[in-house]
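In the two complexes that follow, subunit A is the common piece, with subunit B as its partner first and subunit C second.
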Partner chain A sequence: MENRALNLLDEALGLGYQTDPWPLRGKVVLIEDCVETSGCFVLHQLLKRTLSSQSPNNTVIFLAFSHPLSHYDRILRKLGCNLVAQRENGRFFFFDMLKLLCPDEKEERNEKGGFISLYWKIQNTIRALPENNKNHATIMIDDMSLMEVAAHGSSDHVLDFMHYCHTLTSELGCSLITLNHEDIYTSMERPAFMLQIKYLVDVLIKAEPLATGLAADVHGQLTVLNWGFCNVKGSSNNKMSNFHFKVKENSVEYFCPGTRT
Partner chain B sequence: MAATKTRICSFSRNISAVSAPQLPGIKCGPNGTFFVSSGIPDLDKILGGGFALGSLVMIMEDAEAPHHMLLLRNFMSQGLVQNQPLLYASPAKDPRGFLGTLPCPSSSKDEKSRNHDTEQEKGLRIAWQYKKYFSENIDDHKVNIIAVQWWEWMEISLASLHSYIADSKQEFCNDFDLRKPLERHYYSGQRVDCVSIKDSPNPATLHDRCATFLAQFPRNDGSFSCLGRIAIQSLCAPQCELSNMDWDILSFIRSLKSMLRSANAVAIITFPPSLLSPSFCKRWQHMADVLLSVKAIPDEDKELGKLLTGYQDMVGFLNVHKIARINTQVPMILEATTFSIKLQKRRFIVLECLNQAPIDGSSGTSYGTSGGCSGSSKSGALDF
Partner chain C sequence: MAESMCRTLRDGSLEGEQAPALTIKDITASPFGFHVFSHVLSQLSSFILASKSQSRGMVIVAFSRSPSFYVDLLKRRGIDVNSSHKWIQILDCYSDPLGWKYQLMGSGNCMDVSHETSSNLSRVCKDVKDLDKLYSMILELGKGKFYRRKDRFSVAIDSINEMLRHASTPTVAGLLSNLRSHEQISSIFWLLHSDLHEVKVTSALEYLSSVVASVEPLHQTAGGKRGDLENLSLLEQNFGKGKLQVRFKRRNGRVRVVNEGFHIDQPSSNFTSVLSEDGLANQINQSLLPKVQFDLELSEKERIDRAKVVLPFEHQGNGEPIHIYDVFQSFRNVHTDVYLSAVVFLSPTAAKSTPVLDKFSFHNDNDNNPSYFEKQPDNVLD
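Moving on to the complex of A and B:
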């Protein structure tokens, strides 16, 4: 396991060079996708990498707005990661947010649609972690557009929540990985919400369909923008990489454009 | 829920989930999903088996044509024929009236009488069927009558085999005859719940009706006592007051989806995408597990007529944008995403891949740019 070949996504995220400290520590990762190409698989890959045995201190707090646990459990089991076992080991915390709805408008002002209490829940979960794991928590959100729906369209509440979570990344060194749908915002004149979120982001992963349409062996392309990417020599620079992918049940194949015919 | 059980090994087999479903109208799918039929055999085939239980299907309507009703009617009829309760919501004043327009399954007796014609009639039928080819291509091809008859015979024996199989167990999917109305006893009982969304000020009433309806079908491990179907027609249509409550409706859809996930039911929502703002339209599309769109064929589009074979029989196009990905991360890639909707003998809905007619003088050059069919998949245009 230790010296397996790195895939292009791991490389682009800088996961290959070191596992301790965790390269994504303290970072905010945003995965963007669209109706034609779902970016869920990136989330699954990162979930698996985070919980893999190479980094035993990592903990994941998963806020699921779109699917029940059984969905993720089945997918991750095929990837070789047992979420139920991890949950019992105290490394995986699943928050089922499928039915979270913001209360009435009056209460909303005090409660912010339950997001404040959600934040407290997250913070308490992190506080309760053993000392070694405290600084290795990852918060994953699937997905942000549904959070907006849960907040009844008041994206300010979602933004507030994201800012709060962002303080966790800077204070405790947590990382924040979220999924969002890019095409919702492209038609807006001033997508303030999206711009604000992007301002927080350290790594942007974009999943898009190929311009040439559907193909059976290339499912789409990923663009990874890594701001503040530290290479081996320690100098910091921005890095952008682009590659194609094919999603399978037990893995994802990444390859450079043009290497498949 | 299966997930609550402790499993030490990641690869242990979940035995309870493997047990075959007992109810007719359910089929095992991959990844622990179960399929119910859409009521159109071809659509089931395209989607890899049917609509997955617990999924939300959305159909984008053509603003100028009622083609979504074709899909909706067959979906509803299929459920009623299989004794499944139905919730139907529509912006019409009297939604129950719509039930009178549902198609009836063509009985196997009918099928037999259609197939077991006398020899002469069969000959006539062949001649009639192939007449168009004779008139079109008489110079190019001489159709061998014996081969045709042999083919016909094969078809009959296949059909009788099928009807034999169908007789021995209840069908997963029926062929619906659009010209025959569904018999009254299928929908006269308590099983059909109709809601008019015309005068409701917010989606709360519809939400409550859906919630009480879905509460009848809780999902517990692998056992099916009953399953339900929800059909919501033209949600957000201008005639209902809901049309300017974007966020309310979105949260209704979201909560419907989450309720479906834990129920043995499937829901279809049809909506007019042109009436939504582009960003909300995308939000709706992201909500869908299965996303389809229908489009009518523009009258007498001669360029398109030249481009496609069998153009005169088509009534519209069906686009498949998204296929349900429940319990899996692998997308299902179709060979084609655009299908023509044909009415076979004006009775049965048939979906076919588009066949491009040979164009004179062009050998394999870009057909995408000609005749108003752009090749880009994003614009939702035709692709071959």
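Moving on to the complex of A and C:
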């Protein structure tokens, strides 16, 4: 059974107050993590939440640069969501970029050509959706650093692609959820790519290790910066949240700092 | 002083001079430049609609937001966009900046994504790399829609960064300079995320500006690292508020710098004038301080009572002859056994009569122990 109880992450993202329209509609969400504390689980949680029965019109277009479908399917099954079934129902579209984009060198165009055709595929997928679902599409990218690898290090091409995905958020009300690894850019004096992406986002979710070191019952902390948070009264405001988490086998536990050892 | 920079743009340019230009720059630690940009855009639009500005129209060069966003923004702020055919035009460099969608349409796989309510106000630019074409499109939009030939218009560019991503710095600077020099352009302002570029690029753009508005965090992170979330309390203090430093460059070369605090209170931004950085921090942090049961400030009544206190050395101007009490004279007249020093206290009423001298004697307890200071050298320093 699906657990409909609100957790701190849902509250920070405003998912608890309303499901129609989808609170993340038209927003860009960036999940930032590091080697010590992976933020993959947030992506999985959001994938599950987006495909939940509470929002039957939602559709997910998943660009997987990091893992094959079987990887996500196994994880989501444990969370109570069958991706294969969702794919058959036309609510989950999986783009395996491990196979499609990386051997792009043989194409006549350069690697940017690959991103143009990828954008076209996304646009055509949304076009083919039923009328009710067109404005409820969510594009998920795992992860952006591997997009750069696929673009042979050209961050400008990735930014162009991201810009075009951003136009879908304003024109069609799509959501864009991406994962990125912050520590890849820490040695750079001016990480323009990462900063440029940060200027695009409406919600930043940062997964970090605890400042106080490792703890048995706490795996890390999440900081959520939500610009344009929509509260229960429908008014919009900025909201910042910080809480701890513990990743379990079939779920994630979120709790306020200081409530666990 | 946010209003001052709006007034500078409102007043426009003198005959034969370049149009005033405003750079609004921010950084990721305080990414609220777009809020300031929106504020200036709304203010200038209000002036144009009320015919209070030199410009009669506005051309928005939209790189980072869709035309419909700007139409909604102006509507939300109570600006009449229905009559916008006459005064506002949007050059849409956002929807299809590289022509990808156009190519897709050409291949027959067209998707109708043009739900733009503002399509009649905007014109799509499909190749933002060609800045010459961009320049001519801005002028066409400005000249074509505004009724009289001599009427001037303002230009707003919402992201110089996007321009710099597709073109070199000299080319972008050339475009901005040409726009400033054009006789029909009254004023121009743009938004720049300064941490995306080298200092020389930011400086080049600032040289082109008559006003530079820098959006900065209230509290800088340790080591100046931007976007550092490690210090949560610091992040919380900077979230949704910051300071705006506005630098005005006058024609005679004088530079005036003004600081102002702001608080993002959606859908608008509130600006608060402050005199100094300390004052700014105090003012912004006032809400962060816990409420206490005592008040260190004096009330109005207490201030009046304090002002009424008659001080002994003060001539009150009540008609009586001035009497200045000579402390040293009195001191010489009194035989004392002061060993080290003396402190003189006078009651307020005693100034006219014989002074009362209170003596405080300091006996050196160490007289009996001469080696005290030798044993405690640090006490001597204190």
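Please note the rule applied: the second predicted complex is superposed on the first by the 241 of 261 C-alpha atoms of A that agree within 3 Å, B and C clash if a C-alpha of one lies under 4 Å from a C-alpha of the other, contacts with A are read in each partner's own complex, and residues count from 1 in each chain.
The rule is simple: a residue touches a chain if its C-beta (ideal position, glycine included) is under 8 Å from a C-beta of that chain, and two chains touch if they have at least 3 such contacts.
Note that this is a predicted model, so its numbers are computed, not measured.
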Review point. Which chain, subunit B or subunit C, is in touch with more residues of subunit A?
Key: B
Point to revise | Contacts of A:M240 with subunit B and subunit C, given as first, second, both or neither | key: second
Review point. Which holds for A:G153: it touches subunit B only (first), subunit C only (second), both, or neither?
Key: first
**Study point:** Partner chain(s) touched by A:R260 [first = subunit B, second = subunit C, both, neither]
**Key:** neither
Exercise for review: Kindly classify A:E171 by the partners it touches after superposition: subunit B alone (first), subunit C alone (second), both, or neither?
Suggested key: second
Point to revise | Interface residues of subunit A shared between complexes with subunit B and subunit C | key: 211
Revision key, fill the gap. Per the touch rule, the subunit A residues reaching subunit C in their complex are 116, 119-120, 123-124, 126-127, 156, 159-160, 163-164, 167-168, 170-172, 190, 192, 195-196, 198-199, 206, 208, 211, 223, 225, 228, 236-238, 240, 242
Study note, to complete from the structure: Within their complex, subunit C touches subunit A through residues 28, 31, 65-66, 68-69, 94-98, 100-101, 103-104, 109, 111, 113-116, 161, 165, 193, 195-198, 226-227, 229-230, 232, 235-236, 239-240, 264-267
Study note, to complete from the structure: The residues of subunit B that touch subunit A in their complex are 1-11, 31-32, 246-248, 250-251, 254-255, 258, 261-262, 277-279, 282-283, 285-286, 291, 321-322, 325-331, 333-334, 337, 375-378, 383
**Study point:** Contacting residues of subunit A [partner subunit B, same complex]
**Key:** 35-38, 40-41, 44, 67-71, 73-75, 77, 80-85, 88, 98-99, 101, 145-146, 149-150, 152-153, 181, 183-185, 187-188, 209, 211, 213-216, 219, 247-249
